[in-house]
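Two complexes follow with chain A in common, the first pairing it with chain B and the second with chain C.
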Partner chain A sequence: MNDRANDRTSSRLRQRLPFTLSDAGILIWIAAIGLFLSLASPQFFAKANFVNILSQSAVIGILSVGMTLVIISGNDGIDLSVGSIVGISSVTMALVLFPDDAAGIVGAADLLLAAGIALAVGALCGVINGIMIAYVGLPPFIATLAMMTAARGVAAFVSSGRPTYGLPPAIVFLGQGRLFGIPFPVVIMVMLALAVFVVLRVTTFGMRIYAIGGNIRTAFLSGIQVKKIQLAIYTLNGLIAGIAAIVLSGRVNQAHPEAGMTYEMYTIGAVVIGGTSLMGGKGGVIGSVFGAILMAEVQNGINLLDIPVAFMRPILGILIITAVVIDQWQKRRNSGD
Partner chain B sequence: MVKKGILIVMMVLLFCGTLAAAAQEEKSSDVPEVAVVVKTLTGDVFQLKLAESARDRAIELGANAVIYQAGGQTAVQKMVSIIEDLIVKQVDIILISPLDAKAVVPAFKQAKEAGITIVCMDNYAEGDDYLTFVSTDNYAAAAMAADYAKEVLNGSGNVLVVEGAPGSAVGDDRKNGFKENVVKGSSIEVVGSQSGYWANDKAMEATENMLQANPDVDLIFSCSDVMVGGILEAVKLAGRENEIKIISFDGSRDGVQLILDGKIIADVAQFPTKVGAIAAETAIGVWNGSLNANDVPDFIDAGAELVTAENAEEMLKVAF
Partner chain C sequence: MHMNLQITAVRKISRMLGIWLWVIVFSLLFSLLSPYYLSFLNFVNIAKQTSIFGIMAIGMTLVIITGGIDLSVGSIVSFSSAVFGVVWASTQNTLLSIGAALAVGLLFGLLNGYLVGYVKLPPFIATFGTMGICAGFAFALTTDSIGGFTSRFETLGNGTFLRLPVPLFVLIAVALIMHYLLKHTVLGLRIYAVGGSEAAAVLSGVNQSRIKLLVYAVNGLLASLAAVIICARIRSAYPGIGDGFELTVIASTVIGGTVMSGGYGKIAFAVGGAFFVAMIQNIFNLLGIYPFMQNIILGVFIVAAVLASKMQEKKSTAAGI
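== the complex of A and B ==
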């Protein structure tokens, strides 16, 4: 009885705090690895290096915001197609910018049109995912696996397999520019994460996402239009992948049909490391962004220390397993076993 | 209605199949049937040039030649079934760029037993069921880049290497060819060597981090033109364009153009068209008896050339 009351207070408290306890856990991880790297490499603890790490985490961080919604909504929710959506949005944008295959001067109207179409293509892929999952009833794994293959194929087709180098300065600014010394991709990541954080915590839409992830039958019986919400989530995730595509293209200053290859894996990794449960109904975007930063920090450390890169992926694998084990351990403790 | 549609599609497919079979029967035995098998033609100009040059050279030499593509950088199983189909079709020669050194071995064995001559291009396979392997000698070619780096740096300085994907034999040969030779007889030090995973975004991250770790860098060697765009962005963002020279590998049109633009100082050019042509000539030579199979070496180097500002204009015309 007392326990339950405690639980209620702590969950009420948790709702008032800007982030949850597991987010604090991940901050400790980031600090601990940072401390180790500071001791191991004299170049680690420098403003320029922190800027590097944040820039390098931004694209995965942006993607992880959308992926968090998908995974919280549960019912095997996953989106394997985000990397391919980045690719297809990136090359479609280049196609609109340079229809004649020659990079030239681009007007402001063309620029807005190109960015808008990149977002629209991302959202369209998301709509198709959503329809296949919510209305046709395909498992998310299958529906988005098909989209992953199809979108990559279309990206190769529309670009004739060739990357476009040298994008307009405005797009490059979105990827490389700074605002008060902060890289613009990081600004976008933070703003997006805060916006979605508010949506999840304050709006009924956000609460319904948790409700569906917690128990889809109960959610349905309590009058939530489950299919519409699912469609909205996957559409939003596609749109966010479109944002990531613009940022990545600007950062690398090119549109590439293979842009975003394997990013879905890093994104899912960031979400899981960030404490969102793959079972759904639980988690948040702030943790996912920290997860992306942690992964960029590890990559940065490996590059700084010149460790053979073959170790990179195993280390990330260990991080993901550790995150899941901690998640399950906490769950067992909370349920009182 | 839907069933009817499926039926029509099946009948059309069947009809095409019959046509193809009829075409097969018409082949005469005094002209070799050559199959060129590559990974994919979309998104890979190198493979495209390789396949086209092999086919065109074979046709020039009087053969019938057709290109087959597995349809992806990792479509290993599709490639194996293409070989199996070619055995059934009784082609005489297979010129192939294997996707996987191991997976194709059983199919190669079957093909050899069926009397088919196989030549590997660009990527090799295990076993000894094929005639020869034609490719760029990646180690030697990267050593050319190393020699040029020593010349440019006057024998001393700090260099970084952006490697290919871990586990890639081609990438390892280039990396080792450069690293082992650049330090030979010089006081040059390789201060960082990290993977760019054959991708611009990953190459950019690795370069940013290595530049952070090394305040003093004179030259960067990129194991492929497909990564040099990301490296250039990283160097530019770090504001170190004037102090760092870049050498790349591949000799693609994009790479050679970067030399003309003054963004990189050199690029090691490979010749996919030579690889394809040599493969076709060798296989057809053995088929018609003008070459003795025992005289053909296990490996034929298609050569490489260092492109610098001096010959970039010339090389742009032949670059792939």
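== the complex of A and C ==
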């Protein structure tokens, strides 16, 4: 009983702090790896390189914000389809921009329409995921696996498998431009993360997401409309994947039907490294964004140190396992057994 | 009354046949779409494809029965394949190469099983990690395709026996062994028990850590067996060959009716699931439909299969079975 009371005060304390303890943990990791890389490579410790790392992390960082909501909501919540949604949103955007299959001048209205449709397509995929999971009752892994396969197929179908090169300057700005020296994708990532952070901490919607992830039955019995919340979460995640699609298209200045391939894996990796538990009910978006930054930092280090690219995935794999083992170890120590 | 009896009989048969019923129904349908579909030669084609994913689906079924998942099998295929090629290139010894490839699968299967069973990591995380490790190691070892194997070894992938493809016999052997293990041994009962209710399994004295270690090890071993057959079939070892296989294998397993939450699954149906997926790919190729349409249809079938098994589950509980 005493333990539980302690736990309650500490969680109340944690709620008052802007970051959780595991967020601090990942900052230490980022600093430690940074220290190592500064010693190992003279090019690492430079403002230009830091900016480079941040902009490398942006697309995965944006995706990880939505994925965090899905994973916090628990009950095996996962979304394997975000990479494919990035693909389908990019190519539909290009289709609206250049219906005649040829690049040309695009008016502001068409531009907004194209971006809006990219977001709508993402949200629609999310709605289908949400209906399949919340109302039809499919396991999230299966529903989103099917969406991953199907959306990639549709992306290839509507684009006839061909990428579109040369997007309008406004889209390219979203991916490559800078605001006060900060890459625009990073601005989007930070603003999105802060907005969702506030939603999670302050609104009832946010609290309900944690409640569903903690115990779905209790949440249901205390009057939360569990299915509606789940639908909203997957829809929001699809929408955020649409945002990532626009940013990525601008960054590489093309809309490719294979855009975002395997991004779901890196995104889940960022969320897990950021300290959100796959069991649901705990975690936060700030940690996930730091997770994405840490992965970009590691990738940067691999490039600078001339380590074969093949070692990127093993290092990430080991990082993910280590992060979860440390997390479990801390939990066991805190609970005292 | 008489009607009722008939309906129960139909239901019983459909439950007994499971996915194979749909294999038959769709085969008839496909034969109308393409006259070539129901030919012996085409069956051999489908069977070849089925053998590889069927062997892997059997392993995945064991894992999913225990309530787990294994995302690393595709990467284990890649790494085993790379090791096979490299060992062959330096020793020209077929048996040694096969042994080394199988050892890779067993080793990473054991690692998965240790992480899930003893370290108690969520299976998704543990196998997600080893997936990255194996995929990277495969390319770190070699970036080239390696070929020039003996023709005797290549029979393992391309040869025929009694006019049937050799890998089909490997699949049948693996299926029979695993079916016996699941249905007729205490170990099999325990595997189901771990997935059905972990708490009950623990209370009745089942060492669930050891069961999980074993199940993931077998799954890794079967993935590397599939890798060896692939090397023989395409006559080369390529470090990226297994990329994305895990999803096809999981789809096959689920289409075969294995329930993701564990406790239920059948070897024969897993093979049926793999056959069904191969069949769909085959008819699309025959009809010359774009490969990306296959993706859309496959997605639809995954959802349909899980819905069907959910409905059956509901009926069974309603009937008190």
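Here, the second predicted complex is superposed on the first by the 328 of 337 C-alpha atoms of A that agree within 3 Å, B and C clash if a C-alpha of one lies under 4 Å from a C-alpha of the other, contacts with A are read in each partner's own complex, and residues count from 1 in each chain.
Basically, a contact is a pair of C-beta atoms (placed from the backbone, for glycine too) under 8 Å apart; a residue touches a chain by one contact, two chains touch by 3 or more.
Note that the structure is a prediction, hence the values are computed from the model and not measured.
After superposition on chain A, the partners chain B and chain C are seen to clash.
When the two complexes are overlaid on their common chain A, residue A:I318 makes contact with chain C while staying clear of chain B.
Of the two partner chains placed around the shared chain by superposition, chain B is the only one that A:Q254 touches, whereas chain C remains out of contact. Applying the stated contact rule after C-alpha superposition, one finds that A:S38 touches neither chain B nor chain C. Once the two complexes are overlaid on the shared chain, A:G161 sits against chain B and chain C alike. Of the two partner chains, neither chain B nor chain C is touched by A:Q330. By the document's definition of touching, of the two partners only chain C reaches A:A150; chain B does not. Looking at the shared chain after the overlay, A:D306 reaches chain B, while chain C stays out of its contact range.
Touch criterion met: A:A46 reaches chain B, while chain C stays clear of it. Of all the stretches 5-13, 41-49, 257-265 or 293-301 given for chain C, the clashing one with respect to chain B is 41-49. Looking at chain A, you'll find residues 156-157, 161, 308-310, 312 touch chain B in one structure and chain C in the other. The touching residues of chain B, when paired with chain A in their complex, are 42-45, 163, 166-167, 191-195, 199-201, 204-206, 208-210, 212-215, 229-230, 233, 237, 254. Considering their complex, residues 69, 115, 119-122, 124-126, 128-133, 135-140, 143, 247, 250-251, 254, 260-261, 290, 292-296, 298-300, 302-303, 306-307, 310 of chain C touch chain A. Chain contact summary for the complex, chain A toward chain C: residues 78, 132, 136-139, 141-143, 145-150, 152-157, 161, 265, 268-269, 272, 278-279, 308-318, 320-321, 324-325, 328. Residues of chain A touching chain B in their complex: 41, 43, 46, 48-49, 52, 55-56, 59, 156-157, 159-163, 165, 176, 248, 251-254, 256-259, 261, 299-300, 302-306, 308-310, 312.
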